[in-house]
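Each of the next two complexes has subunit A plus one other chain: subunit B in the first, subunit C in the second.
== the complex of A and B ==
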């Protein structure tokens, strides 16, 4: 029932944005939309496992010059991998920084795990693993020092697991692939490539017993092979947690991460404009393809579309499908990337 | 994988992955390869093995649950229900009919007469016996 309301709203927003070229209107609309969306979380029922959350936030606000993050309500599902998707500058890093406790100068409340107490502290941080775009290891540290310091900082750090991960990911190994104590003891963080630095952070985080991973753009510096490996590692992390471990990562390479994304949050201009379990979104949005002669009429109904001389392709809200009656169209289940692009296009101030 | 279950998933077949999983497991359940009381692989374990998202395997299992083929046990996963032998037979009969229907259509396209089609079936049956 909530979904229907949201559909209507999304649609009327789209109409208003079609009529007007003023991007400011889009912006104020998206913050309204946000409010209706948060109730979407509970569309799933049965076995109960989809409803529990690992992290909740209310009325999160963070203002910079010319930017405002505004998230009235956020709930990350327990036992799943959730992806935060959005354009550059949409506020993904800001949101992750607030959740990871890197920035504490925000308004609103964040509740971690099942705790009564709000906010972050040492005992919460012990249960969370974070990696970000920068490196939080000092440039002159060797991999061994990273290990020693991690061990000092976290009670749940496992040295042998860290070494096994470094070995598995090929960090600090020489060109012959052997660890041999050589690269491990002497290789400095500053000598590592961006990709290897990300791998080192992942190894340090996965060497700990945690319940929640907050990963800011983990895939960006990685090559295709390593991205695939990252997806495997996330799935393995979730499997070992047996429903008690969750992952929240941001990405703009949604196609690379689609096979590991259970829940998806799309962010624009500091607001979450759409969210839901991927399988639900794939039922909410339908990919439609049709002929050029129908493009004009379809354009008024579709959520977003591309036209060419040969025809059109667009995303239609499932609730609006019946309005396409009489047109010669074909339907397909969209990929998550296609959904994200459509939602982002409908919300962005940019003319794409 | 557990219980000798084999899953073959096609990424670009147009059939959603969760449906492919559900259909293949259903076939195994109805064929008795997965027996009553046996647990399906854990949703997160299956997701890991198949390199797909957890929500996709979960949706497949929920589909099987909705059809009454499996039951979710709180915190323990999904186990196979007792299959009604009448229903099982019914299912098999339907599949035989579907397959024969398909054969009839193909025969029509090929311009075979009914006698020729029956002859082919007879020949195949006798080949199986020998």
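== the complex of A and C ==
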């Protein structure tokens, strides 16, 4: 089977799997989630009046020159951390910008929380914490100014919590750990490293009482230690929300963020090509390892494959496992990173 | 969003850093007033003009600390402001209050310098020394009209310079615009008085023109900055 045929078949498999997977979104009680407190069960009780999702979008479209974001339907599960994964230029930042209300020129409808009214306004933004790359704060602002401006911008901003977070993350505090003097708090945003700038953004949003965090590439500028800390912070944020808080973040650092990812959306070319709870995805995709002698036959069945002189390793859709009968292969549960790379490879425009 | 005057002022204050506050609210006005008084006591009201010219240059330059490059093509999008429902109100208030602060600073420096020059010149003897004056002539209304013309003129040119400088993001660009504004305002300050055939009531006509210019450039400066910031929501 040539490459084109393989892709065609895999895409059709993927579509049917997507359909089945979408139904999985609504059966969260069937899988073993990280957080299974009573609130989460309530959240997913269909007989109740509570919305299962914290955010719903319909027919989202946004066009740039040479790029189109097209998301027919999007639902973010309430009470969980959802990761948005995709290549550079896949449309992750655009999607997050639309959801955060910092881009308003798009077609489609977004419904936030339990509101009947569609679209975003000040009261919705008050409940959302957004961090983004690039020009987020004015570069000449000092950390103290960020604190003062945050108090003015958001009624639910807590100065004490902001200072405690700055202290905890090692930014904005002087040698005595306070921001009262002319110490580090007077440092300008433009003089902070990328990592410290991201920490400052996180401190600013976590110092507020929000129900949804939209974080655009929060892990990218952070060192491994801080990425681990970021996962802890996201986990703590969700736990404190008692099933009412959600986090939606984009990332390229899938392996580092996997421990905190409950739900995953994979984007390519402005479209969501795969989504589902991580546990469900790990049932849908299986890691297959085998001998080099079986590589060619397996290559026609596997979703994606890496070969070496000694053997092969690839991702297989669970529904296709019986096709591997007769081969000397071993099955393993793949990591989220392996699943994402496989899906991205199947959908990318790049020659990989 | 309905913002109280207190919140509007706070919106401006939060945009200013402590070094900015010390420099622009205190050191520059005080220093230039002292310089104007010193110059005025030796060379007459030209000292006042000199202080206002320097103040104008300082205003254009110091704006880079506050809203520097905000209208530039590659300007900062300030997503943090846009992530709040109050962001645009805070930004708009900060821009307007900054203009009010500029006008008050011009007024304060001009009136204080003018009064102090008079005090110094009169000296202990109570008899004014003979120096070349062109403001402190005529009756009290004409003197006020002349002073108002200078304040409004320098405010207008300073806001115009600030408006232009926000399209660039380099200090050198701001300096160039600052120098241009200083020369323009200095010439208009001197020749405006001369053209009115001072002392005469024609100065009030100049006051009206300067007031109209002040209102016009103020609206232009705020609208242009807000258009750029709001444009960040769209493909502009």
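We take it that the second predicted complex is superposed on the first by the 288 of 352 C-alpha atoms of A that agree within 3 Å, B and C clash if a C-alpha of one lies under 4 Å from a C-alpha of the other, contacts with A are read in each partner's own complex, and residues count from 1 in each chain.
By our rule, a residue touches a chain if its C-beta (ideal position, glycine included) is under 8 Å from a C-beta of that chain, and two chains touch if they have at least 3 such contacts.
Just so we're clear, the structure is a prediction, and the values are computed from it rather than from any experiment.
Of the two partner chains, subunit B is the only one that A:263 touches; subunit C does not reach it.
Once the two complexes are laid over each other on the shared chain, residue contacts for A:81 go to subunit B alone; subunit C is not touched. Once the two structures are overlaid, the count of subunit A residues touched is higher for C than for its counterpart among subunit B and subunit C. Legend: residue contacts after superposition of the two complexes on their common chain; A:231 is shown touching subunit B, with no touch to subunit C. By the touch criterion defined above, A:125 reaches subunit C but does not reach subunit B. Judged by the touch definition given at the top, the superposed model places A:103 against subunit C, while subunit B stays out of reach.
With both structures placed on the common chain, the touch criterion links A:186 to subunit C but leaves subunit B unconnected. Remark: subunit C residues 1, 7, 10-11, 13-19, 64-66, 68, 76-87, 90, 232-235 touch subunit A in the complex.
Against subunit B, the residues of subunit A that register as touching in their complex are 46-50, 79-81, 231-232, 235-236, 238-239, 241-243, 258-263, 277-279, 282, 332-333. Taken in their complex, subunit B has these residues touching subunit A: 14, 16, 18, 42, 44-45, 47-48, 51-56, 58-59, 62, 65, 72, 74-75.
Listing the residues of subunit A that touch subunit C in their complex gives 64, 100-105, 121-126, 128-130, 132, 134-142, 144-146, 148-149, 151-154, 182, 186, 188, 201, 204.
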